[in-house]
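The structures come next, written out as structure tokens.
Next come two complexes built around chain A: one with chain B, the other with chain C.
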Partner chain A sequence: MHDATHAVRRRRDLIVAAVFVALAACVPLFVKDVYAQNIMVLTLMYAGLSQSWNILGGYCGQISLGHALYFGLGAYVTAILLTKFGVLPWFGMLAGGIVSALIALALGYPTFRLGGHYFAIATIVIAEIAFLLFLNWDWAGAALGIDIMVREDSWAKFQFTRSKLPYFYFALFFAAVAWLVTWWLENSKWGYWWRAVKDNPDAAESLGVVVFKSKMGAGAISAFLTAIGGAFYAMFVSYIDPDAVMSFQFSLLISLPAVLGGIGTLWGPVLGAAVLIPVTELTRSFIGGSGRGVDLIVYGSLIVLVSLTRPDGLLGLFSRKRKVEAAR
Partner chain B sequence: MSITRRTVLLGATASAALLPLAARAQAKEVVIGVIYPLSGASAQIGVDAQRAFETAADIINNKYDFDLPLARDEGLPGLGGAKVRLVFADHQADPQKGRAEAERLITQEKVCAIIGTYQSAVAVTVSQICERYQIPFLSADNSSPSLHRRGLKFYFRAAPHDEMFSKAMFDFFDALKKKGQKIETLSLFHEDTIFGTDSANAQLALAKERGYKVVADIKYRANSPSLTAEVQQLKAANADVLMPSSYTTDGILLVKTMAELGYKPHAIVAQDAGFSEKALYDAVGDKLEGVISRGSFSLDLAKKRPMVGAVNEMFKKRSGKDFNDYSSRQFMGLIVMADAINRAKSTDGEKIRQALVATDMPGDHTIMPWKRVKFDDKGQNNDADPVLLQYVNKNFVTIFPEQAAVAEAIWPMNK
Partner chain C sequence: MTAETIIQSLASGLLMGLLYGLIAVGLSLIFGLMNIVNFAHGEFLMLSMYGAFFLFAFFAIDPLLSMPLVAAGMFVFGAAIYLLIVRFAMRAKTNVGMVQIFATFGLAIVLRGLAQYFFTPDYRSITHSWLGGKTVSIGGIFLPVPQLVGALLAIVAFGALYVFIKRTDFGRALEATREDAGAVALVGIDQNRVFALGWGLGSALVGLAGAIMATFFYIYPDVGASFALIAYVVVALGGFGSVFGAFAGGILVGLVEATTALVMPPSLKAVGIYAVYLLVVFIRPRGLFGSI
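Up next, the complex of A and B:
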């Protein structure tokens, strides 16, 4: 795999990503409508989140259906530090990421010993317990949630009353970093370990891969990045409650772009988010007002259609060669 | 021609005379945003809300002989007869989506006011966005008391909040005690989302303040598959009054479980929600003879105020249902907002806000049992009196407060 074409492909990926980021950064110069900007922010946020999920769920093959836990922790740590202690969200964001990574390690210690479906079930249960704790924890707002009042524009507090641009550029930065981390890890020792663990943990172990530790590493990195996304969400929406940031449904929303776009691939989460998020938002806004759920039918049909025709994800549409490489 | 003072004056007068004409030509339509859950678990609420708002818009835009503001005019006379147009948006019970939809309605649809939202969590984000864009927001049917205490200038609520509802219950207990009934102990039974939490907090505070003993305070997980353990605790406590705060499915399960375990409470005084839904009485109504629920609306009012019956018929034609606690509040939400826009004579957010602040609508010009509509400095109407209704012979009759009551309360419920 360490042949010339591999190096060329990696360099090409990096250049394509750089061009994408540069182009995306220019879009708000032409698209001034806040509603359209809002969709772009959400798309980038989900691209970043799904990319983070993909590190553990895609590359390492440990399907987590409880990532809302890390997302919610990032959101809660940031919001609580800001509203109760006046800590700026930039520090809150890092604190949230570190807390999430530590919790991921603590939870990974028992759960990464579970195989396949049992691991997925454990992640659902643990996230649900955390959801219930937050729902009943009065100090953290319980069911009422935390309302972050936005009075003025401030970079220090990362609050903006009407402008979406600062949020847009942060979301772009977040998605780009998540992509870059994945790009770098893909070619690292850990990247190869993860794929080996995914294919056959027993065989990998026998060949000297430190299976358990490599799972722990994937879990911590994935949780850290997901929490950064959660912190961003708290500041962007300026209100969080357990239902919005910690529900099981949100765990699914995080994994869906990666699954739809191409699980365990570099471009899958980005592509999945670019298709899914605008479709959900636009159909809800323009055909969702009828009260007949047409928008959800369209959304559901799209997912079914993709899974039937492209089981390996939307990425398969673009090049057969890439598909072969991904399968390798 | 040289420009003299006279020509300038002439020009100014002419422009001034033409101005109202121009304004009239512009404001043919007043656009109001309505944000509700139109898909997902509470979609039915949103669909019923649409019918309630359409009924209100019909009354505002056409001529009807009702004692309601704007009913006897076509459109808004203050804006040259402009018609109200509603734009509905779906928030799917998600605060993030509610926020995005509010922003879309304001920037793309150019709405001059927003009404919503059923779920209190969504009202938090929608009202924040309205504040940022200086557009008035009216909570038609959110009952969480925390909403109006956030220091927002553009937030208004014409209907009662949960503390007012709970206060009515305790006023009722006090009145019964004066008449010689024994009411000393209470059991609280509530679900764990904002609604149940707020409701129980208010009830606990009131019980302490007025000297009632809470012998059981049971919080349960919403949409619980089984309530057996909880009902056993209620049965053991056997309080003088059982006070549930539950949505429909939990309410049905509660009543069924109580019957299975043979627990017959002396009295049930419920915090609305499930206990004002037709579905609950369809399922377990036979076990609920004499149950009391709070409400903000009562069809009994039609006997005293025939207009209420006529408006209800208009709503029924659209939705196939009578007004209930929610749809009546939604209806009034649009009437109150349109009345303010009419008096503001403008679609400017700040001017509408000032008109809302100045609102003073007498109770008999509404379809509610309220004293009047007048907002305090936080945007809450404190004169929105709730009512207590008792389920007797498959019908709800108003039993409290006295000025609205049509029957004496049956107490205890299982005589």
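Up next, the complex of A and C:
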């Protein structure tokens, strides 16, 4: 990889991202429709979540199908601290992130020793255990969940009775931060370690890459960011229960944008979310009551098609050059 | 808790466990053959259950009789999935792990969506089959007839599978391909054909399990998800790819589930199974009965 072009590409990525954020920030000034704004909030949130997932699943190659655990933990820690102890959601968000990162480290210790399928299934199983425990945990609301009363418009309490705009701007901020963290990590020694671990763990080990520590780092960062997204979601929908924040569906929705857009790439999760979320929401509302299945059929087919024809994701469609670079 | 309740629940755990083994063995067979985990395995089970349901609802064929039909249908379906999807997923050069997981994962989502769309999310059940709702008392222990028949069926199926793998040409080709696919190609066995038949056979086995389960379990589009997770646990316990490990793994999982249900609230009984999975792979990453 040529050093100069590499630096130029990185700077160009940063500028493109800044332009995107600036443009996105203006969109709600023109789009006042609440339904459309709702879709935009979700799209940005999943872009950020999938970007977080991508750090572990894409760059480091550890396919997690259990990120609902960290998403749910972020949501639960925030909601519990707020409703039971009156802690402002901003601190709750941070606490949720830290709790998730610590749990990711604790779980990573045994699971990162597992290979491919064993690891993926272990992540499903762990998230499912947490789901069942929360479903039966009375203090945390059990199946009834936790209702976050929205009484006022307040940035301090991060709740807004009418406008969706504050949520939109936070989701944009979240997606931008997740992107920026990835951008920065990509060029750090961690980024190189992760790619080495993903391509060939044994070779990486022999070249002095600390494989296990690399995975732990990726897991903790990924879990922390995912939990921030979960905390945001709890405040956004202002009601959580295990089904609403910790079910397997979220593990899917968190990983799919990255898989579709381009796994282990900087722009993949953003592109994937921009395609997947509006398509899902729109098919759902067009088809209406005649069955929830259509959204599943649409994105299931997309995943199969992309896996079979474009293993490097939809991003590969946009520029061959980038694809060649990515393959290197 | 009396000794009787313990024996009672262990007995039903054993029956369920044999069925879990039957559900999982197809998954294990396919994995052993080509190192691919079919993440749509639960949806194969779901389709089989719907197959038995519709044959009953439209043609009044009892699941006991429609079982061969369902298995045959699943054989064709499984082989077709291999030829249409999995064959191409195996050719991936980049992101190999991701492609292998998400190709069948995407299929699972599509199948679930199709089921919701065409069959609606309603819970169905086969109301009055020959087996359904009956119990039999053996030495004071009450056993539900559908599970009992399912367990016997599982034993028979495993026996037949054993004979099949050891005694027939295809069975030997299957074993040989598991051992060394490259060398098999050299002696003139069409690897693609073996793989397709392997997928067919694995799917037919889950078809048998689905038909019998339709007599005592609700049938709905998401029904496969929880059984798939159990099947992964069974296969992991038995050692991925070991067909007869799945038999032993199934029994173990059934007993663990029954024991968990004795000491914990019923809604948490799956936790015991999942915990066993984690325990086993943490200690022995290749499963209890897997070769190292």
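Quick note on the criterion: the second predicted complex is superposed on the first by the 307 of 328 C-alpha atoms of A that agree within 3 Å, B and C clash if a C-alpha of one lies under 4 Å from a C-alpha of the other, contacts with A are read in each partner's own complex, and residues count from 1 in each chain.
Keep this in mind: a residue touches a chain if its C-beta (ideal position, glycine included) is under 8 Å from a C-beta of that chain, and two chains touch if they have at least 3 such contacts.
Since this is a predicted model, take the numbers as computed values, not measurements.
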Partner chain(s) touched by A:296 [first = chain B, second = chain C, both, neither]: both
Per-residue touch tally on chain A - higher for chain B or for chain C: C
Partner chain in contact with A:144 - chain B first, chain C second, else both or neither: first
Touched partner set for A:38, first chain B, second chain C, both or neither: first
Which superposed partner A:184 touches (first chain B, second chain C, both, neither): neither
Partner chain in contact with A:285 - chain B first, chain C second, else both or neither: first
Chain B versus chain C as contact partner of A:135, first or second or both or neither: both
Touching partner for A:91 - first (chain B), second (chain C), both, neither: neither
Chain B versus chain C as contact partner of A:308, first or second or both or neither: second
Intersection of chain A interface sets (partners chain B, chain C): 132, 135-136, 290-291, 293, 295-296
Chain B-facing residues of chain A, complex: 33-35, 38, 42, 132, 135-136, 142-145, 147, 149-150, 161-162, 233, 237-239, 241, 243-244, 281, 284-285, 288-291, 293, 295-296
Contact set on chain C toward chain A in their complex: 31, 37, 85, 88-89, 92-99, 101-103, 105-118, 120-121, 221, 225, 229, 232-233, 236, 240, 265, 267-268, 270-271, 274-275, 277-278, 281-282, 285
Residues of chain B that touch chain A when the two form their complex: 38-39, 43, 46-47, 50, 87-90, 92-97, 99-101, 103-104, 107-108, 121, 124-125, 128, 132-133, 144, 146, 150-151, 192-194, 196-198, 219, 221
Touching residues on chain A, where the partner in the complex is chain C: 57, 61, 63, 65, 110, 113-118, 120-122, 124-126, 128-129, 132-133, 135-136, 248, 252, 259, 263-264, 290-308, 311-312, 327
